[in-house]
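Look at the two complexes coming up: subunit A is in both, with subunit B in one and subunit C in the other.
After this line comes the complex of A and B, so read on.
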């Protein structure tokens, strides 16, 4: 019989090399654990030591166990075995940075109170030694009573010993002796524990007093009423009067203990040597050079998502159309063939096409985070972003959204604060993404080029981009003042020492981001694509009784085929919907054709170009093909010019469509990703509603004002 | 007595007390600040906020509004 698995929780401050250690220990045997009600994910992996299976759970990087959000509470509950879906860990693996033991041991002292064996992994001993810092691990083990293993996670040094130590610690089960907190504090904590009739374990009773306004206090007060709150507050007052003010008392007790031990185990040079980080930061956080460097990095990131992804995306598109051709040849013509080729394969292609952008952005994020620059970027941009109620951490997600909102929304994971994160997610799709470009190019080419000054097309395109750049911060500010109002989140942030990022961590971030998108958002995008396909395909019967596909097959004349196709789409469910919704489109200057094409572009904005092509009997127009786009533009312009009601106002019509597309959220993939990242349907629904409303109002205003302007100029 | 928010880049000071919103005070302790420790202001971000400081072996960034919670005496 095999032995039961050992469960080890990996805990550490941010930037300790925790992910590197986790990857080194569990290799490719990893998956992501989700928890209901919160947006945190925890990575899980496992390894074998002989016959013994050891399951590792990687908790998010944190400075302490004082929970101030449901997300932080999950980690604490998990460590205490208070979550039903996870058994209590047998051993806690605390990873600390050898060059800054004082600070890192603070969290360790809290972990020592949980009642499980703690193994201390002292990471980056080499980096510390290079700075002249010597850590005596044997003395550290003696003084703390913990098993101490020096490691170099990035080189895999010390991992054998660490694995053995974990198994050994579980076997002996020795609980650490907690750092003594003031006796008066222990007495107050026990009194509260009794008052709550043993509902809270001692550790949480401690946190109840120490974390003023924290999650546990809120939870207890919600459950037991304001009387308990008075008791907690009274206890804090008594402690302050006895010379133990909260929260200073905890910090003094822990740091006091830590410094005494560190004094015995760590030797440092008498004068702090100038480190590489000092030298690099002298330039990279400099007002002028730092800003220039930042702009250069952002340009590189942006350019890569925008340009380097292009050939890969082209390849994916070619691949899917090749696949569609293969199926077309194999399956007899009919609804099944169309479902597979125009529905399923197009849908799968529509999912895969985002992968290059997602993976490139996440490679950059992993590099920027891994080398320590991400925090500097947030530092440099914080003031700017704080004007719209966000912090510097929102900058990169919003910038990436200019290429594509999907990786942008996924990149908001770097924002710890829930309200800031959600505000950023909700406004990210307002940034003008690359899928809007074909729509702008089609309409600007058709309506605003010939007969206009040379600068008009460029200015119009610039204006379309500016709509998003101006409105996104304004909407974010509005949200932070209303729906997502709350205390300003803390910005206090460590600027970690610079170091070389781990290639393994970078690759893993890329793959897991790509996989998360395909796996979680893919099905929804596919479903939306198939649904839209069905609405454009059915019904197939033409007025004379013969199904359209048969009539199209019967004729060899391409022009006739195109006009039959156009007629078919006009009679499809979407065509009918477009006709019946025409009164709603009219105030925007649209006819049923534009309205229907807009509806059909719900899976992705650029689909409107292809759909307009079919409706205008031009066959499938490729949104990326400039010539086809030009031809379609000419047809579109001629069609609008023929309409006596709208003919004179063709420029306002074009602007109205463009403004609508600048503001709307016609992108199933974005909505699917928002659903995935927020774990709720409410946020994608909200995003879609507010953006569509703004788009409608914006298009309405542009068309109506444009009409007035045209009349005034004409008169 | 001054607060950290009033220091100029290059100035060094000793932390006298940390007072303010509980979550902020607790975070400042957790991230490595303690009464009696020395800190140095390394720089200011291009738009005048936040600050970059070093306390002990930790390099931090914090907004001026947060730095105001830290009372210091100049060295």
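After this line comes the complex of A and C, so read on.
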């Protein structure tokens, strides 16, 4: 490795097969680079051509280099070598789709202005040929002056030629000849460049005039004051008067050049043949059939999440209980054993059970995105979402939030409009996520199964999901009318051609989602369970001075042991705090045990099942284990029935707890993700406050109304 | 004869005569290939509607379509 490594930036429109090419070139040698201050993630990989190491940076898919947000500006700055953490790329690899050359070359013409060698990879030549579109790559190279390599990224065809072309382009360093823009425009751009004393490279001076209200304009005006803004606007007016209105002048110049070149290099049939995508779309974008198909797909996704995950969840449960047994056998009874078995293994194990569901969900999302169906779903749902002031693009994040709000919040990155994006982020945690499911199952099983008609449990569960489905759009609408008020953003979206998703991309998504989840279980949830365990374990001494463990060991009667356990919990730090907070819980119909278990679940709502288990002296209770779940349910019901004040109202109590969980933002990780995505603490604070308030009010109303109803029915 | 894009029916072809709106919007549509003089076909009318522009499919809302004036043409 005597030579320094060569840096190549990969740029292309969305759906050109850019990710496939990146994966094919760099294989497993890749990682994700995060950039400070923005939510952009750029993948980096490398390969060797002989001795030469080539580093590849995969920029997010974009239609142009007009930066409309700081996130988009990162890509432009990186290409120009204006970011400190990244050296300027030596070569730009522009990937275009052979069957859509006219439009994709638009971005290429912008890349040609950056002053770095550009290699043009024409992808999916086979698909284009099947449609009767012939691309003459030799002619394309001659006309554009770029190195042109035809490839089939999904089959790995043409990649060695492409690699060699990249290295060769860096060696010769030939700069492309930019597409000529009107002379009057060049003059205005140079004048501005001089006014800013050469601070901007020529490319950015161009963009300063062309991108009305863009990020560069905002940046320059912030720095140099409103005088510059007047000058920029005056320049635009002069150009419009000279017959070069901005931004139409840019499109005219670039597309004019492209039309000429494509006319020389591409032959296409006089009539565009009907493709497979057209035929499939005829049904899948149909208002009736398409919607029915969409509902069927969604049902299939959720159903298989539950069915397919079941055996794997059983395996994880067996694994954790085996591990607990091992520790129980190896470590002498005492605080350490209790910490490991009742705290760590019960708490973290109960959460890890959901790993298969998370991975299956991500596999589905990757498949639906990879084959191009997601855009169709967004198209179909736009009508519904526009009623609550959002667009079809908000639909996918909300749907993902039914599994988990964290990927849901991250999926909002596809929404360009800031207000829409924030409204979606703030309501995403209202969707009932998979962590709420164990809570619903426990309480419905305990209170709404025996003595009720067969359809009551199913309907209650459905009702709990409906709470999120109805409230999320309503809250979004309210936000769009108040805090996030603004003009309805213009909505335009491309529906890419259908294609087979790449298995490698799917697996990668599954593994990275699974790893993120395990990491969370190993850090945050571990810490929370250890803390709860400690608060329930200490102080160990009973009021008469003897430690509880001794008193429990002294008696052989099991009932006596259980009541001693319960007394110990009631005297623990946790119990004492719970008793003092009881006045706050009482209007909701909760006793200190439910109240404290709920409070303890604020870092992660899954914690409640385990906490209730420890409080009700059951030892560890695994949220996923059906038998133990039933047993805990029975204990819970018996405990509430014994209470004279709440006994008759046990159904309202259960519903009040469920409604609280449906509405409350009990997930520290979600709040952390909201903070990361919005880059402010205000949004997570707002989300937490409004959801917790809604949860308290909702639970209060359910319990009080339920009580009135029970009294009326009883009388 | 010019008419707004949202008045075309399914399967009809047209050529874009004029796009009005903010510079940002016009620029964004141009990037996606929707520009003065380009030919399109309406696949699904309504809001949002589905358009075939060259070799790609785009979806737009009805009221945004009203800002695009087109000249209907007989299918080529």
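Convention: the second predicted complex is superposed on the first by the 526 of 715 C-alpha atoms of A that agree within 3 Å, B and C clash if a C-alpha of one lies under 4 Å from a C-alpha of the other, contacts with A are read in each partner's own complex, and residues count from 1 in each chain.
The definition used in the following text is that a residue touches a chain if its C-beta (ideal position, glycine included) is under 8 Å from a C-beta of that chain, and two chains touch if they have at least 3 such contacts.
What you are looking at is a predicted structure, and each value in this text was computed from that prediction instead of being measured.
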Subunit B versus subunit C as contact partner of A:55, first or second or both or neither: neither
Partner chain in contact with A:86 - subunit B first, subunit C second, else both or neither: neither
Contacts of A:287 with subunit B and subunit C, given as first, second, both or neither: both
First, second, both or neither for A:677, with subunit B first and subunit C second: neither
First, second, both or neither for A:384, with subunit B first and subunit C second: first
Contacts of A:99 with subunit B and subunit C, given as first, second, both or neither: both
Contacts of A:271 with subunit B and subunit C, given as first, second, both or neither: second
Subunit A residues contacted in one complex by subunit B, in the other by subunit C: 63-64, 66, 68, 99-100, 102-103, 106-107, 210-214, 247-248, 250-252, 255, 272, 277, 281, 285-287, 379, 382-383, 386, 488, 490-496
Residue ranges of subunit A in contact with subunit B within the complex: 63-64, 66, 68, 99-100, 102-103, 106-107, 210-214, 247-248, 250-252, 255, 272, 277, 281, 285-288, 290-291, 375, 378-380, 382-384, 386, 487-488, 490-497
Contact set on subunit A toward subunit C in their complex: 63-64, 66, 68, 99-100, 102-103, 106-107, 131, 210-214, 246-248, 250-252, 255, 270-272, 277, 281, 285-287, 379, 382-383, 386, 392, 488, 490-496
Of all residues in subunit B, those that touch subunit A in their complex: 18, 21-32, 34-35, 42-50, 52, 56-63, 65-66
Partner subunit A, residues of subunit C touching it in the complex: 21-36, 43-44, 46-48, 50, 54-61, 63-64, 76
